[in-house]
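My questions all concern the structure below.
We just call them A, B, C, D, E, F, G and H in the order they show up, numbering each chain from 1.
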Amino acid sequence: MTVVHARSKGLTDRETHYCPGCTHGIVHRLVAEVLVEEGLLNEAIGCAAVGCSILSYNYLNVDMVESAHGRAPAVATGVKRVHPNKPVFTYQGDGDLASIGTAEIVHVAHRGEKITTIFVNNAIYGMTGGQMAPTTLPGQKVTTAPDGRDPAHAGLPLRVAEMIAQVPGAAYVERVSVHNPAAVRKAKKAIRNGFLCQMAGHGFSLIEVLSTCPTGWGLSPIESLKWLEDNMIPYYPLGVLRAPEEA
Amino acid sequence: MAELRGRVRIAADRCKGCGLCTIACPEEVLVIDHRTVNLKGYSPAVVAQPSGCLGCGNCALMCPDSVITVERFGKQRRAAHV
Amino acid sequence: MSKTLMKGNEALALAAIKGGCTHFFGYPITPQNEIPEFLAREFPKAGGVFLQAESELAAINMVYGAAAAGGRAMTSSSSPGIALMQEGMSSLAAAELPCVIVNAQRGGPGLGSIQPSQADYYQMTRGGGNGDYRILSLAPATVQEGAEMMMMAFDLAEIYRTPVFIVSDGMLGQMMEPVEFHDRPLRELPEKDWTVVGHGGVRPPNTVKTLALDPTVLEQRNLTLQAKYARIATLEARHESYRTEGAEIILSAYGSTARIVKNAIDLLAEEGIAVGLIRPQTLWPFPVAAFAELPDSCRMILTVEMSCGQMVDDVRLAVNGRLPVAFYGRSGGIIPVPEEIAMKVKTLLGRA
Amino acid sequence: MCNERILCAGFGGQGVMSLGQLLAYAGMIENKHVTWLPSYGPEMRGGTAYCNIVVSDSPVGSPIVTHNATCVIVMNLPSLLKFEQSVAPGGLLLLNSSLIDKAPDRQDIHSHAIPANDLATECGNGRAANMVMLGAYLAISKVVSPGSIALAFAKVFGSKAERLLDLNMAALHRGAEAVLQAEQAMAA
Amino acid sequence: MSKTLMKGNEALALAAIKGGCTHFFGYPITPQNEIPEFLAREFPKAGGVFLQAESELAAINMVYGAAAAGGRAMTSSSSPGIALMQEGMSSLAAAELPCVIVNAQRGGPGLGSIQPSQADYYQMTRGGGNGDYRILSLAPATVQEGAEMMMMAFDLAEIYRTPVFIVSDGMLGQMMEPVEFHDRPLRELPEKDWTVVGHGGVRPPNTVKTLALDPTVLEQRNLTLQAKYARIATLEARHESYRTEGAEIILSAYGSTARIVKNAIDLLAEEGIAVGLIRPQTLWPFPVAAFAELPDSCRMILTVEMSCGQMVDDVRLAVNGRLPVAFYGRSGGIIPVPEEIAMKVKTLLGRA
Amino acid sequence: MTVVHARSKGLTDRETHYCPGCTHGIVHRLVAEVLVEEGLLNEAIGCAAVGCSILSYNYLNVDMVESAHGRAPAVATGVKRVHPNKPVFTYQGDGDLASIGTAEIVHVAHRGEKITTIFVNNAIYGMTGGQMAPTTLPGQKVTTAPDGRDPAHAGLPLRVAEMIAQVPGAAYVERVSVHNPAAVRKAKKAIRNGFLCQMAGHGFSLIEVLSTCPTGWGLSPIESLKWLEDNMIPYYPLGVLRAPEEA
Amino acid sequence: MCNERILCAGFGGQGVMSLGQLLAYAGMIENKHVTWLPSYGPEMRGGTAYCNIVVSDSPVGSPIVTHNATCVIVMNLPSLLKFEQSVAPGGLLLLNSSLIDKAPDRQDIHSHAIPANDLATECGNGRAANMVMLGAYLAISKVVSPGSIALAFAKVFGSKAERLLDLNMAALHRGAEAVLQAEQAMAA
Amino acid sequence: MAELRGRVRIAADRCKGCGLCTIACPEEVLVIDHRTVNLKGYSPAVVAQPSGCLGCGNCALMCPDSVITVERFGKQRRAAHV
């Protein structure tokens, strides 16, 4: 008998505050598993960002520092420059990373900081109650665009992975999803690649994870997975956008 | 009776009843038990068809709350269980 | 002879290295650019890390990260840049992270000018950011004192786990004066067992954070902070008194302005007018006690600043109505000359 | 008691900043209290640059010399126009007559016109005009000795100092000579 | 009946529309989200523009641009978001641009909590940004008063060409109360001949700016600003007095806390203890005059805040040593209850 | 006899404070000429940014508003939302736009604001005395990288035009130079296209102009043009990176 | 003199917020002074939501009801555990016995167990359990009339109101009935 | 003498002597006059070879200070000038 799946040692015992079916929980687990499997758990330093995942320091079994909204990449830079050989990562939402923290994410890539960013894109501000994010899809109803996002007024959604991929200092960039088991397996592989890329000293790595926000979207958890698949993936195509030559 | 290939356990008190495991399961082993409510106020997932479990781990892959443990049985063990 | 002639900015930079600083993160802005430029040149030789940030916001948050990871980190900026750091300052204070921030004040408000000013007094002493917090603010008046305070600043920051301001301005930063470096006095520093460095599998994870959704937890944190601030107020308030004995008026001024006030006092003394100076060397904590022991001769306090009178509040609070508090100031980057201050004193005394 | 307050102004590139630094450094070497304060910022671009130097027997309060200067050294015309009024009554005004063909307006001060660029060129490098002016100033004020200036030179110019020292000291002496000759001429 | 029950945040949003606001720029943050959400829904119907900015920094600078272009612009945020706006606030004040900023204060410092607080008093009254400037700060205590002040705010902003704060907090923003809208009193507004709208070839270009490299120009601007601030201090300081006649102790509290203090005062009155309240309705200018005319019965001032005592400075400055000033506060998002305030009063009176 | 070239009516009579040979002056003139030639001068509203060009409001004969460092795109957004039909532009340096103002430039493009940005890339912070910019070339000596920019420490330079070009809301993006008369002619055409694109309502337009900073570079004005041509153009290729389909 | 301070708590989705708003609205309609204050923030997710209502003849100072509540209405077990202590001595505790099988500990207050979900289901919609509780409360306190609640209904529920009004008023009355029957039973 | 095709004028008092016009000119019409210094302290560009000017405007295109005016002569005018 083999235990195929058990709660990762990379997670603490605390129950999360996430809404039922929120895929933040899946992404947490993947990060935890990769850190354990790559032997990085003891050395890893995480930077939590402002968003629903701000309490991730309660759930991930690693040293973590909370960052002001949008500034996790700057905080991580400070950490990494003190500990150049330790695995440092940020865990950020789309409001945090793609809106207020745009300068910081572009410049952590620009400097080629050896840091891994886990970017959870759920096309909305979950934490604050469902406002529009730069990643909100056209027509998607959110509290600050109650008739749906109107591109004529608010523009078309930002494709962050594509944008970061063309910054010279970015070494590994991939977009993945967690809407079904196969996607989750790929997501884990991408997160692993991100950390390996960091530890190999190639530069900055960013894994954009398409994720759900059942509460903000006003859908059931199961409907949310479907909505992600049907609406987000067409606009945010999955795949590797940049990888180091030898990787 | 078919041989037992896997076993799944759910920490029902920590389950949030989201149902993601139920649609991930290729064998419809898991269902939400709408008749019970756990301490947190959710109707948890339960193992409705234990014998169908392949031990594939899909359910655990999808569980946001990491409350699913999956075991898979080797050939030998499978026989023993029959 | 170990004296050298140095720009104030460069002396601060060198003193940071000698004070054990390990990491500098900053963004260019006049009139403090000699600090990053000196460090870009000299810090790597001393094993330190100089990194130019993409903005002041990034800089202060890099300082936050480096401090959380156990580095002795600093940044340096000038007025509008410091304004951009206010969220970060509040977070550093809340997370109790030691670090040092130089503010080479320039004329404001807004972009203002790049000339010397002291109009960030409120911003620095009242905490321009959100919530109840204070920043220990050291205000040198000479290049030598700046170097000494800077060397001390990193230790104070660690002893109290708090950000520390070095309150400078365009004049102090740009001028050259002789400066002599002595070894930094060894102080016992608390162990840093709270840093995020990887738990090594040997202890529970450390967390550096400021969020506390439970109000009782947050209130407790505030009480702890306030108790610390009370301790700092008791132990760290500093000032210099100059010719206060027998003074009819005591002037209050800090930093650059205090130098000029001293000239004015000497000028007046030549004319037989006895005035003195109380020079706060810490802006927060304000040296309240210095104003409790005023000589009987003193009829009035005159606060002199390169601002529109921001320190007056603290002087009035210290004096608490016992004496009138007058004000003389220049703003917008204009540095007062001794004669105009002397004239103001004479006017107040009815002897102009 | 020594309490010299010098203002030194010219185009960027005329060496007014290093003139001031040499003076301050030499003062420090002679154990005097000194300050040096530059103008700074974008105004320097193409405009007039200046610095203030105080050399004193007692601690320096204000490092600023915008008025009551004991000496103003101007290297070009705009500087003369801007700073003539800064000289204290009875104070000294040294002007670089190689570039300034205007005479000062003030009558209540001592003025000397020194063809600094020409004299520097004579010494072998027109760029040492600042040293000529400094030499002239020191010959009159004697606030520090030329020897201290030579010591200071190494501090201010670092590795370049050795190569340049002789030339610059020559210019310094040429400036002193010029002003002393002029004084003798006046006295005669 | 024209009364409706509204959330404080929504009432502010509706009042902004009725007050003639034309443009809202903001970034989400709890506990003020109902303001942008209401405006996202209702503003377009009224011809207004609602735009979500990418950050608080962008929001305040969009307000700056819209105000410079002649719009009646506003933003809204909460404590850490306001901290991020400090450079912008300083620029708005320096460029004398009219606009309105709502701060729904939450627990601090740092991220703190999302519960009600009053710990941004310094940030708002002293100008958390660089340079000498002040922001007119209106502090309502009820949803009705909030609506009235908001309608007034845009006109005040234009009359004085200054940014205006609406000082709110999580409690005032989240609670519902009856509110009634009346027409905004018509005030004469100065002509806006300084806006950037294209010169049309008929006048020299207009420039909105804060840089003044010439210190004499910048000092003059500061003197102009200070003169304006003095005018505002004279004309716009407001307060409410409650049961001060014959009071042994006068409490000082604003906004949410003042409501609770009133309950405490009534409780104490039932026990025969006479205490009163001075409630500043403007934090800057602080209603200094109110503290000049204290009844003879008054032995002491007690400042009550949801902070660690930031308003105490202003109360002490107003009282100027004539009476002792005590403090009672809760922090971190805890709202005091009337009983604990009453108890504090009794302790001070030695009747606990 | 025809006057082929005279001082544009779009410029005021004031002499600039720019260093001799600084190509900011050329770019100013091009903007002025385009505004005059397209009949936009009377309606135009400019947003000056912090950098050597902050005083551009003294030289361009249009209504202008000074912006805080990096925030010109936000200020311009505020202006444009009040006057949707007037030509609004920002004039920004590389420190301003590519460093502190990264979030603002990305999001003005993201929203597809109908605004034209003139982005003067001189690979350095001119105003503050020659510090490193995100656009400083590897090996280029600047005051905060006295031995030359080291990509291992500070990353590789950011290519802003490329980055903005892939933001969906960007309608017209071109990189030009002003190192010789032919380049100047092309630069003018690009600036014209930017404004035309704005007035046609296509969305955001950005013209990156490779420019010199003789003072910061420590080169003569003429050497600077050569340095630009030899060093900047290879890293920052000229050309149209995005244009509306019908344009 | 009326000065009711009500705390109303339950899971998100149980309608505690709208229960409170109806009460406040009805109070306002009857020209009373009212406030309504919700709990807010991420704690609401899956956790306990609650609101405070004050209905008074005089202006309301503190809108907070964390202790000294004249009435606490709890819709689920965690709410009972959290808020039982908030009832003022002699005050009222209404608990939804459809979901709470625990009896209150306090003896110094008036408690009523109302099977709100069951009664609401009887009326045709289990989701109207909040109205059952409100009906019960009003039957005892009489702070506002059911008619005012009906008027308030349109305000709180907007366009959905008409469709739902009858059902909800039925639930309201059912709650009132239940509590009055119980009181009679006790009295008997 | 060749026909005159263009004429260039420089506002010497506002010229900063940067020399950009001199290298832009295909005909080497302009040079920096190192012997003079204008009020601003710069040695301005001067028209050294007026007859060579093509009126192409390149110099003006490159002048950062917009101090160059260029005229071009039509065929007729050119003749007149001969």
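One rule holds in what follows: contacts are C-beta pairs under 8 Å (C-beta built on N, C-alpha and C of every residue); 3 or more make two chains touch, one makes a residue touch a chain.
This structure is a prediction, so every number in the text was calculated from the model and none was measured.
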Number of hops, chain E to chain H, where each hop joins two touching chains | 2
Shared touching partners of chain A and chain H are F
Averaged over CA atoms, how far is the centre of chain B from the centre of chain C? Could you give it in whole Å?
-> 62
Between chain D and chain G, what is the separation of their C-alpha centroids in Å?
-> 87
Taking each chain's mean CA coordinate, chain A and chain B are separated, in whole Å, by 27
Distance from the mean Cα position of chain F to that of chain E, given in whole angstrom | 39
Residues within chain D bordering two or more other chains = 41-42, 46
Counting only residues that touch at least 2 other chains, which ones in chain F make the list?
-> 18-20, 54, 66, 68, 99-100, 102-103, 106-107, 110, 127, 134, 154
Touching two or more other chains - residues of chain H = 16, 40, 42
The residues of chain C that touch chain D in their complex are 1, 3-5, 30-31, 114-115, 170-171, 174-178, 259-263, 266, 335, 337-338
Contact footprint of chain E on chain C as seen in their complex = 57, 79-80, 82-84, 86-87, 90-91, 93-95, 105, 107-115, 117, 119-120, 122-123, 126-133, 209-223, 225-226, 307-308, 310, 313, 316-317, 319-322, 330-334
If you look only at chain E, which of its residues touch chain A in the complex?
-> 27-30, 33, 36-37, 40-41, 50-52, 54-56, 80, 110-111
Report the residues of chain D in contact with chain C in the complex, numbered from low to high.
-> 21, 24-25, 28-29, 33-38, 40-41, 59-64, 66-67, 155
Tell me, which parts of chain F touch chain H in their complex?
-> 1-8, 11, 15-16, 18-26, 28-29, 178, 180-181, 184-185, 214, 220-222, 225
